[in-house]
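Okay, handing you the structure first.
Chain nomenclature is as follows: A, B, C and D, assigned in order of appearance, with residue numbering initiated at 1 for each chain independently.
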Amino acid sequence: MAFRDECGVFGIWPMPEASRQAYLGLYALQHRGQEAAGICSRDNGRLHLHKAQGYVADVFSEATLDRLPGDAAIGHTRYSTTGGNVASAAHPFVVEGRFGQIALCHNGNLTNTEILRHRLIEAGQVFSSPSDSEVILALINRAQAPSLEDAVVEALRQVEGAFSVLILTEDALMAARDPHGFRPLAMGRLGEATTFSSETCAFDLLGADYVREVEPGELVVVDRQGTRSRFPLARVQARPCVFEHVYFARPDSLVYGLSVMATRRDMGRLLARRHPVAADLVVPVPDSGVSAALGYSEESGIPFDFGLIRNHYVGRTFIEPRQSIRSFGVKVKLNPVRELLRGKRVVLVDDSVVRGTTSRKIVSMVRAAGAAEVHMRISSPPTTHPCFYGIDTPDREHLLAARMDVEGIRTFIGADSVGYLTLDDLQASVKDAGGESFCYACFTGEYPVTPRSKGTCG
Amino acid sequence: MAFRDECGVFGIWPMPEASRQAYLGLYALQHRGQEAAGICSRDNGRLHLHKAQGYVADVFSEATLDRLPGDAAIGHTRYSTTGGNVASAAHPFVVEGRFGQIALCHNGNLTNTEILRHRLIEAGQVFSSPSDSEVILALINRAQAPSLEDAVVEALRQVEGAFSVLILTEDALMAARDPHGFRPLAMGRLGEATTFSSETCAFDLLGADYVREVEPGELVVVDRQGTRSRFPLARVQARPCVFEHVYFARPDSLVYGLSVMATRRDMGRLLARRHPVAADLVVPVPDSGVSAALGYSEESGIPFDFGLIRNHYVGRTFIEPRQSIRSFGVKVKLNPVRELLRGKRVVLVDDSVVRGTTSRKIVSMVRAAGAAEVHMRISSPPTTHPCFYGIDTPDREHLLAARMDVEGIRTFIGADSVGYLTLDDLQASVKDAGGESFCYACFTGEYPVTPRSKGTCG
Amino acid sequence: MAFRDECGVFGIWPMPEASRQAYLGLYALQHRGQEAAGICSRDNGRLHLHKAQGYVADVFSEATLDRLPGDAAIGHTRYSTTGGNVASAAHPFVVEGRFGQIALCHNGNLTNTEILRHRLIEAGQVFSSPSDSEVILALINRAQAPSLEDAVVEALRQVEGAFSVLILTEDALMAARDPHGFRPLAMGRLGEATTFSSETCAFDLLGADYVREVEPGELVVVDRQGTRSRFPLARVQARPCVFEHVYFARPDSLVYGLSVMATRRDMGRLLARRHPVAADLVVPVPDSGVSAALGYSEESGIPFDFGLIRNHYVGRTFIEPRQSIRSFGVKVKLNPVRELLRGKRVVLVDDSVVRGTTSRKIVSMVRAAGAAEVHMRISSPPTTHPCFYGIDTPDREHLLAARMDVEGIRTFIGADSVGYLTLDDLQASVKDAGGESFCYACFTGEYPVTPRSKGTCG
Amino acid sequence: MAFRDECGVFGIWPMPEASRQAYLGLYALQHRGQEAAGICSRDNGRLHLHKAQGYVADVFSEATLDRLPGDAAIGHTRYSTTGGNVASAAHPFVVEGRFGQIALCHNGNLTNTEILRHRLIEAGQVFSSPSDSEVILALINRAQAPSLEDAVVEALRQVEGAFSVLILTEDALMAARDPHGFRPLAMGRLGEATTFSSETCAFDLLGADYVREVEPGELVVVDRQGTRSRFPLARVQARPCVFEHVYFARPDSLVYGLSVMATRRDMGRLLARRHPVAADLVVPVPDSGVSAALGYSEESGIPFDFGLIRNHYVGRTFIEPRQSIRSFGVKVKLNPVRELLRGKRVVLVDDSVVRGTTSRKIVSMVRAAGAAEVHMRISSPPTTHPCFYGIDTPDREHLLAARMDVEGIRTFIGADSVGYLTLDDLQASVKDAGGESFCYACFTGEYPVTPRSKGTCG
């Protein structure tokens, strides 16, 4: 129960009914963004676009997919919008320019958007949305390079920050990842087709095989000649975002080649070693705390059970009684199992604490259900700094752990004890993917790329 | 992963903004029916109705709730429709007759509907839908009794089968349960208000306290004079439906006064004792198999983990590629965690097997993900007979266990072994609520009430 | 610009795709009701229903029409709802009873509904809506007669007031008109099929031929044996509603066998003779005053022109500026042509004046556009009494002409002169259909049938 | 019954609730485009946009207008889309660039779009739609001029063809009309506010006063300093489109300062003089032929009547019976009045003939209704050439009059005689606005501006 999700991207080439495959891919990536969805397909050198606000299943129908013909497609599912007009911020973005039509969608935030945008505007460029994608598209079309592929490289060399980007042109599908590789991007194979996805769970639904990660700094180009790879961007230490493993990714995905479920379980085990407690029951905050809670239970020997039940029918709207003095907030989503919790010393396991208000309500709810003690265990270190690389975090002053120490947090959320995972432990849990060099900026404030401006999460 | 859900009912009196409280109640009971929802409120002796197809959150808006004023309300959430016009089958039903306006909604199936309907039609009655509710309303209005309360009793004495019914009149709220008490109905208290709900999870969301069950054969009347109880119906052995505990109810509910989560866990423990197996991993079929799987794991000592991940964003529509030769079916909802299952001897725990086709796909999916062995464990006995008391089951010839023995089932679903809970074990798991006398007809074919015709599930 | 419309009915048998033909018929009858629409079809002895709020074009889609198979259908388009739940008041009503399924829809108001309803309720009948249709259906099912046809007759003999009714059963289509024949009902032929419609404009769209009126007191039965006629109801002087010719019907329809356009033109001619005036321009209040205005112009020799232009894109909603002190009301629909009206002595022709508020706004609008004089001419007598036979009129105290004489009306609406058609003239305009005996109750208060209670307009 | 409509623009500054006033304006201009609508408002130097497909009344709600705060607004209603994505072609377009945010909408077609677009693309510009508006916005942002106003002038000097454009910036509202003044644009006053509209009927609804036309080649700027005018564009002979008077504009509008109703009536009178015929009845093809038909009747002395009735409830969809061999086409919209036409020699008056197929159906319909003779009279000359200045016409080969002479047309549409207005007569009808120099290119092929490419109708 942490930060809000970011975005998911998916692409495939060449594949009959490519837009329907992209629909499948986005369906599996829905957890990465529920605000808007879009697919752009390529048919005989022409691009076709449909995007709108809403869930993937609502945005697309047989009819809209029929209007997206062709053998190549990219798609995007989006969470949050920075600023006003939600509709205009949906991806992919499609423009016509020097190289004909180009569609682009990305996951991640650029950190020098404002500078680039300012420079482009000075040169007469106009923008119809605040999206980083439009900046990249403008850079491509203003590049000196004569070929589209080189223009893409020239553009990507100018942008800083985090981007896992998919580009669909009249002749090719390209996938690129920023030099630090902040955001994930996996490559798969389905028959003849090459496919890209933020997470491998999309490959599972399509029946595609996971091949490998698109590497930090890599540009993969798929076209009629086949699939080729370049490393045209600066070589730097890779810094994949650890939070994908802590919270974002679906547990059945591989991210950076590691099983998310396995790393979370490890976090839970390490958490149990670091912060043991005499207790009767390990209870996850569903759904994100489940794997870590299982690990904690396994390591500690304390029984695991679902002491909080999630209502899976929670919709976008919920109407509270007008005269109610109670706030429904978390109650609509979670209900404690009184019979299970009554009289028990409970270890509550969650993945992270952001503002602390939800944690406070949950602790209070568990106590009200009769728990004798409530021990909060967090499967990541205290979140003290905002993210500038694609995760929608509150400003620093709203991060609970930036404002107080662990004892303060304990008092604030009303727990009997609070235990966080250490940075070392977290690094250990992802060590098989070179985890010691991951990006831990939200825990440490050590930003791999200086954030010069806040981009628009794509 | 079993039968389809049935219906849920909720009522409250007296309570400001009663329709908004009913909305909350139905929100919590959404798992009992996603096809349609409706609320009828009472304001100054007039009834106001809104019902439509769809989820509770979609059927009701601030505007529609504003058109349901008053201090009393009943509501219904409905799963399946027997026959054509879905809209006309939504509850509550409201009619005007001898006793003014009456609204009625129920959970359960009558078993003598056809006979009663035929008799009423002979007497000149007309029906606008196939619902059992209309039959009950007609009987009430044709009763000899001069008072409405007695007319309700007279009507309920004529109907056979399963009904947990809520009736809202111009002056009173009534709740009744058939003499066998097939379907659950709990009574709660919220300040001055008396409230009724199919499950206690609705009370939790409202902040109401659970008081007790409405007893089999009981009629509870709430009006300006307060709350009073009668037992006007035939006294027989109570036969509550055990399947509420096996599958239907939310785990955080009390049903028949028992914690659903606790009984399921017990079923899992007993299953482990009855059908032990040398294995590496206990994997639930989510979400209904989770508690039993935890019990199985606890009892057996075999580690528990989520080897199948459920996609919580599955909507009403899913568009498959046209040229696909694969069937997506269960893949859209469940994805195996390859890294977890690979090479493992897996115990799959599910609550029941109906037709067997889904189980077969899941076993196959788990094998394809690399499991070395797949042992299916079912936390209930073989389902051999259809239900006539409110659960939407296929005909007997479509019930896998009616057509073959356990070895046949094992072969059909492709498992290495299959183990069912015994009837004795199941009875033991609910013994604290007098479970030996529950209705087990779907396992035994011993029907407490002879089904004379198939009613319309309400 | 007068009373609100009432309802339209359409039926056909036998005809492939009967529901699609009914859709066409309702499309042409849309002016008779924009609130709700419904069609019931008959296929192999089973009835299928779809009805909802909204325009015909919005209520039905290819998909909903596909769910209405069969070779017979009846349909209804409805204007106003008396009382709350709009949805439950849509026609046709379909019930199952002694004679199997019966669908019924009607145009008109019964005048003894309350008495019948009370009597039926005493006998144990219940009603799910306030519609007169449900009363008729209950009477049919409680009739002594053994055959459905005789039961229909027995039922219709008990009801008083106005009804043009279509009944679809498992075996037959029936059309009946009350003994006074208050509301119109025409019979047509399309190939082998017999068809019924409130107005002949529906026949034109289908390509059907007009055959004759269903006569007052007649019952026409269409079934496999063919089409047969009976006159089972009391023989009384026919009293067709003259207002159909004054305002309701489409000008291209035949009503009671007379061309509506022709009678309206005659009304205008007679009006010019009765109330001549020295003027420069005859301007209709569109659209209902157009034909009478042409007649006035022709007879008087004063030029005709469209000095008021109607905005044909007026939708259901119109959002006024919040700080506006002007009321948009009639301005949204009508705009004066300043260049035409400036300095002119204008004869404004409208069909009737109900409350007078709209007329007042229009006169004021025409003056503001520069007219030197405004002479109001009304192509019917002063409307002094409410209708109880199917037209939605305000109570007597809201009828302008019931409260004041012509000079008072002139002052109220601000015209230089006001002239109404006389009753004699109006009778003359419809004399070819026996117009002297039509129902003129809204002008005279002489009600052919004593209104004992207000029915629900169908 | 002619070409399809084009577009309408409306703007206002300064005015409380400016977006609601723009909504009123678009409501009145709905006849100029039913495909999409949009409004951009300005509040404290920030622009707010809402646009979508559909009617004005459907696109905007209280809620969407509340999200458009501020005291200045421009709006657009759009008919046709050239090419694919309808949504992306809705106006206004809003971009952020050198001069901050700029919103732009226009009526008209540029004739050098392709050249400009190509040049801009070469310079690195990208476009997200095929709209001419984006080209103008790009030119503004790439202009050398340091001030926004001069940049607008610099941009408008580069574009050729037809444009009546409204521009809303962070500080000002601008209105400009191309040097030939092809499309109309009127200026009005409402209290302190200056307002612009394609037609004056919008002023009438708002209660604004008509001030004057925005002149060909004029740029009007409204800002905090007031309203000022410049004529920065090339001085050429003005060439307003005569077709606005023939067909497009609402009859209650002033266009180029002339009453549309009056000019149409004159066209009818001149047509009667030019092509007299012995006949019994003048019948307009509604609604566009009405005024000319009145003029024809007046001049010829032949009585006028509505022999064709238009169904005003025609929606966007109409479902035809599947097995129908008849085409419903025009029948859905128009119904002949048999009683009126039978045996008559009919003069049918329409404003123009494009492809001829509709005229053919109407003539056939009138004959089938019993007319003895059908004489077609067209209140404009033969349409022989496509429009490049903002009217959506078919290619030349689909224009009936480009393919055959009048006798051929007569045969094709099946009339007894056909008479067109002459060019001289048409010029005479608009002579009070300098009509001899209007644009008559669709009748003559003499294009005031060489069409170098087909722009996108805005």
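Here is the rule we use: contacts are C-beta pairs under 8 Å (C-beta built on N, C-alpha and C of every residue); 3 or more make two chains touch, one makes a residue touch a chain.
Since the structure is predicted, the reported quantities are computational estimates derived from the model, not experimental observations.
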Hop across touching chains from chain A and tell me the fewest hops that reach chain C. 2
Relative to chain A, largest Cα-centroid distance belongs to chain C
For chain A paired with chain D, centre-to-centre distance based on mean C-alpha positions, whole Å: 48
Distance-wise, how many Å sit between the C-alpha centres of chain B and chain D, to the nearest whole number? 61
Centroid from C-alpha atoms only, then distance chain C to chain D, rounded to Å. What do you get? 37
Multi-chain contacts in chain D, i.e. residues touching at least two other chains, fall at none
State which pairs of chains touch, listing all of them. A-B, A-D, B-C, C-D
Per the touch rule, the chain A residues reaching chain D in their complex are 48-49, 84-85, 88, 93-98, 102, 121-128, 130, 137-138, 141-142
Chain D-touching residues of chain C, taken from the complex the two chains share: 16-17, 20-21, 23-24, 27-28, 30-31, 34, 55-58, 60-62, 65, 201, 204-205, 207, 250-252, 254, 259, 261-262, 265, 287, 290-291, 294, 298, 303-306, 309, 311-323, 326, 328, 331-332, 335-340
